[in-house]
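Just below sit the structures, each encoded as structure tokens.
Next come two complexes, and both contain chain A; in the first it sits with chain B, in the second with chain C.
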Partner chain A sequence: MLFGMGILRGLGVTLKNFFASYYKKPEEGGLFTVEYPEKRLPVKERFRNFPFLVYDTTPENMRCVACDICAKECPPKCIYIVRDNDEAGRPLKKPAIFDIDFTVCMNCGICEEVCPFDAIYMDHEFEIADANRLDALLYNLPDLLKPNDYFQKIRPNDAAQVDARRLEAEEKKKAAVAAVKTQAAAKDIKPE
Partner chain B sequence: MEKTLQSGDFKEKSFVLRGERDVDTQTLEINVGPQHPSTHGAFRMNILLDGETVVRLKPVMGYLHRNHEQIAENMSYAATMPYTDRLDYFSSMSNNFGYAMCVEKLASIEVPERAEYIRVIMAELTRLVNHVSLIGFLLNDLGAFFTPVVYAFREREKILDIFEEVSGSRMMCNYLRFGGVKTDIGANTLEGIKKIVRAFPAFLEEFETLLTKNEILCMRCQNIGILRPELAVNASITGPMLRASGVNYDLRKVDKYSVYDRFSFKIPLGSRGDVYDRYFVRILEMHESVKILEQALKDIPQGDIINRKMAPFVKAPRNFKPAVGEAYARVEAPKGELGYYIVSDGTAQPWRYHVRAPSLINLTILEDMCLGQKLADAIVILGSVDIVLGEVDH
Partner chain C sequence: MDQLFVNLKNMALHLIGVFAPDWLVSLSSILISVGAMTFLGIFIMMYLTLMERKVIGRMQNRIGPNRVGKWGLLQPVADAIKMLTKEDIVPEPADRLLHFLAPVMIVIPALLIFAVIPFGRNMTALDLNVGLLYFFAMSSTTTMVIFMAGWGSRNKYASLGGMRSVAQMISYEVPMVLSVVPVLLSVGSLSTGKIVEAQADLWFVLTPWGFFACVIFFLCGVAECNRSPFDLPEAESEIVAGFHTEFSGMKFALFYMAEFMNAFSIAALTATLFLGGWQGPLLPSWLWFILKTYSLLFVMMWFRGTLPRLRADQMMGLAWKFLLPLALVNILAAGLHLYLGGPAGFASALIILLGSFMGLSKVNRSYVPEKREYVLAD
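Let's look at the complex of A and B:
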């Protein structure tokens, strides 16, 4: 091959790509860069960023029962939970403090996998940068709580599965309670 | 006190290119890095120069040390999986693969067939991502600023989109689980992968037209940084580095792990072991990866994606306690043999955990390749080793 032909052919490639970027469609080899703040790509459903807590209907009705499993399993230990007590000092099934330090969190999604109460899920929110480096990314309970509707909006397939599973469990529970009641009623009747 | 080295000290050595000198020069000690764009991360090369010729080179690493092994010894087996992503952050799927294989060997866990196929598909896609970006960075080191790297990143982007769709994250996938994978691949995603695989050879052809026969690339890379096969074997170099020196050793063929024995593919070998061979072996390996992907995508069966016995442990990782014993498992990661060694004492945490990182071991040979070369070539040789500092300093 003539000396210099390799370079010339290479330049041919760049020239071809230069012109192609003007008239070709993105999927055929044209430009597919998205000018980010003005234009955005749709976020994929399984995309995971930072965790949030799900509540049903009102924030007081949160699903989290402060069982501490996510805090124990979290690889970088970025979750801190303190269980709430009532006036008599008995433990309640909800957290008093639920902090997640997003500066430590590494977005692995293990908390969402291990939670037995479907309470914690990975969010799609990623524009949370802040100039304050001390506590702006330390999220407390009120910042973390988001309604189930939001979960359904960002991850429709996963949320539908979770809701179906929860509904089934609820019905089973009701059926079990009803069965126990009828049994008890039957027992009450028999001796007489 | 250490004696200052004079240029005359090297006169007899073969690596001084001009045997006789009419001027007496002094050697110059310089540090390339730790903050230098060509060192691919926080890495320092302490180089002693005679004129422009390298007469001594000391790689200094550890700037990114994160205590990976100790961290893993202090938490459950499953919690280490996201940390393995961060070893070689260009090929997290392969890292997951090696770790999952090691724990599966330790606890004798079977993996369903569909999961094995998904793993192989992901590992080969990772190889494409790694090799294509490595070649881009190598050309950056050569001075071809950003044209090849942007072409490479265009293709990488498409594959990373697939990773995001499947696992939820572009680079830190955390996708494999013991006994299977985290989520199933949908029909749409499979179609997307097929589309990428179909289009990839055309891209490779374009990439090769741009680079392979380019005279500047040939002149800069040929006969530079030659690694003899004997030295490569003795220094336990693995991966494309070893194969570029002409040693036929690929774990996918040697161990036949996972379902690699079902695919027909070749192992490309170099002849001279110079930088150009290392570049070209990677191009050829990508062609072979495409072949594997085509076969895997055609044959992928339906079925479970995780071993039924292991599925509960995803929900409760603390309950997973392998029996007392030890296991070493290795995979052919894009950079070489990636091995994991775990000793279990029967508790939920490994008693000892060790990573055999290919980048670290391939880097030990750097001085032998650089001696007698010019400073600018030392940068290219470092680029051709293919290091990721996350893995070197684990």
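Let's look at the complex of A and C:
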């Protein structure tokens, strides 16, 4: 073994990589860098970053009923909800204030898991950096509300499951209502 | 095209000569050369940093800087602005004079060396008849300045780096100077211009002694300018940044500048001494020179992208136990080649060199203990 042969072999490896970086594709061992702001990797469906509120058809038709479960379960307590009242002061089934402080949120996704009304889900939005840490990162109800179509778009599998479950529940409810009606009707007919 | 820059300078001098007295013309002739050298030194350094980052990036399957300007071409400018605006910190116990002088003085020899480098036909700023001696004298003063920086910082890491640097540079100076002796034997002059002209027919690297001398000179040169794999004086993982640990901002940039300019002059001198300097067909002479120099600089970056840092004893061993004997044998081989001449001389030089190379490899082989065999009890 002559002096320096191992070094020459090592130099060969680096030179091969040097030239390969110019003409080879990433799969063949070329450059695999994705230059982020211009190009980006596709986001995985289960990727989760910050919650949003789902509404059907119009923003007034939001699924949230201001039950406050997510606010109670939230570990860093970043959700703040105030229930809406009508003119007579009776509580309505929707929030008047729904704030999420993104500086506090830790993206755990517990709000999504505990919500019994399928109203809150984790988003794919991650470029929310802002120079103002007080107002810009405190998201209010209008910022949080997003249509069901958006949910379908970013998480097609999850959204399909949720929609199927909701449809089933609705049909069950209708059937139950119908059954109650027929029962009541039968009771009425019974002469006694 | 060949004399482009020479003609430009003459044109400028003629223009000055129209309205200025003779002494001003000769003064401006000097100033133009000096200005060109200084500007070239800074420009080369700036773009060598970019080239180094790009080349090493590609070798490591990265892209390298490409954000500032097209292909990152403005990156050195951005770096310079950043360096200039950084805070200049002088440690309290430091020797303020030495700490201030070291970064200033380290650039001076690096720039002075440029004077004797023949950048092309008729393009040596100062064709000294002792050009090569001047080069060695100038490049070895760098050692003193580096030790000055290490000592003046009053920092243990910096002193260690300075001492390592002195040990390394003095060791590698010896085989470096000896490897040039065959060239002097063959040319009979220390002038860099004469050495280039002597290679009109045959580059020295194509002779057996020339090849070995070229490799020895280049390796020693890499060690002289503290580049990887011989970057012990500034080994990040061991002694922070070595002698320039305590320098920040522009002072740090000056050390970097000197290092890159030294690397350039080592590559330029290797090209001059062994690769025929500006000699070459078709292309203009200065382009040939730049091509050769930058290929050698690429090799330096290639080394850096490939090799891990040597241990101190390995580095010393390479200089004293391998390169020095080989350089001495090389002088004998060159003498034989020149004395006998023709194929007989060529063959004898080749045999002597290859024989001693193999012999030295055998002697220098590191001790690997035999693999133990363990017999397990039943």
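As a convention for this text, the second predicted complex is superposed on the first by the 174 of 192 C-alpha atoms of A that agree within 3 Å, B and C clash if a C-alpha of one lies under 4 Å from a C-alpha of the other, contacts with A are read in each partner's own complex, and residues count from 1 in each chain.
Assume a contact is a pair of C-beta atoms (placed from the backbone, for glycine too) under 8 Å apart; a residue touches a chain by one contact, two chains touch by 3 or more.
Remember, it's a predicted structure, so these values are computed and weren't measured experimentally.
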{"item": "Residue contacts on chain A - larger count, chain B or chain C", "value": "B"}
{"item": "Partner chain in contact with A:Phe47 - chain B first, chain C second, else both or neither", "value": "first"}
{"item": "Which of chain B and chain C A:Phe3 touches, first, second, both or neither", "value": "both"}
{"item": "Touched partner set for A:Asn107, first chain B, second chain C, both or neither", "value": "first"}
{"item": "Touched partner set for A:Phe18, first chain B, second chain C, both or neither", "value": "second"}
{"item": "Residues of chain A that lie at the interface with chain B and also at the interface with chain C", "value": "1, 3, 7, 10, 13-14, 17, 32"}
{"item": "Residue ranges of chain B in contact with chain A within the complex", "value": "75-76, 78-83, 86, 147, 151, 154, 157, 161, 164-169, 172, 174, 182-183, 206, 209-218, 314-318"}
{"item": "Chain C-facing residues of chain A, complex", "value": "1-3, 7, 10-11, 13-15, 17-18, 21-22, 29-33, 35"}
{"item": "Residue ranges of chain A touching chain B (in the complex, touch as defined)", "value": "1, 3-7, 9-10, 12-14, 17, 32, 44, 46-48, 72-75, 106-110, 113-114, 116, 122"}
{"item": "Of all residues in chain C, those that touch chain A in their complex", "value": "55, 58-63, 66, 302-303, 305-307, 322, 357-358, 360-361, 364-365"}
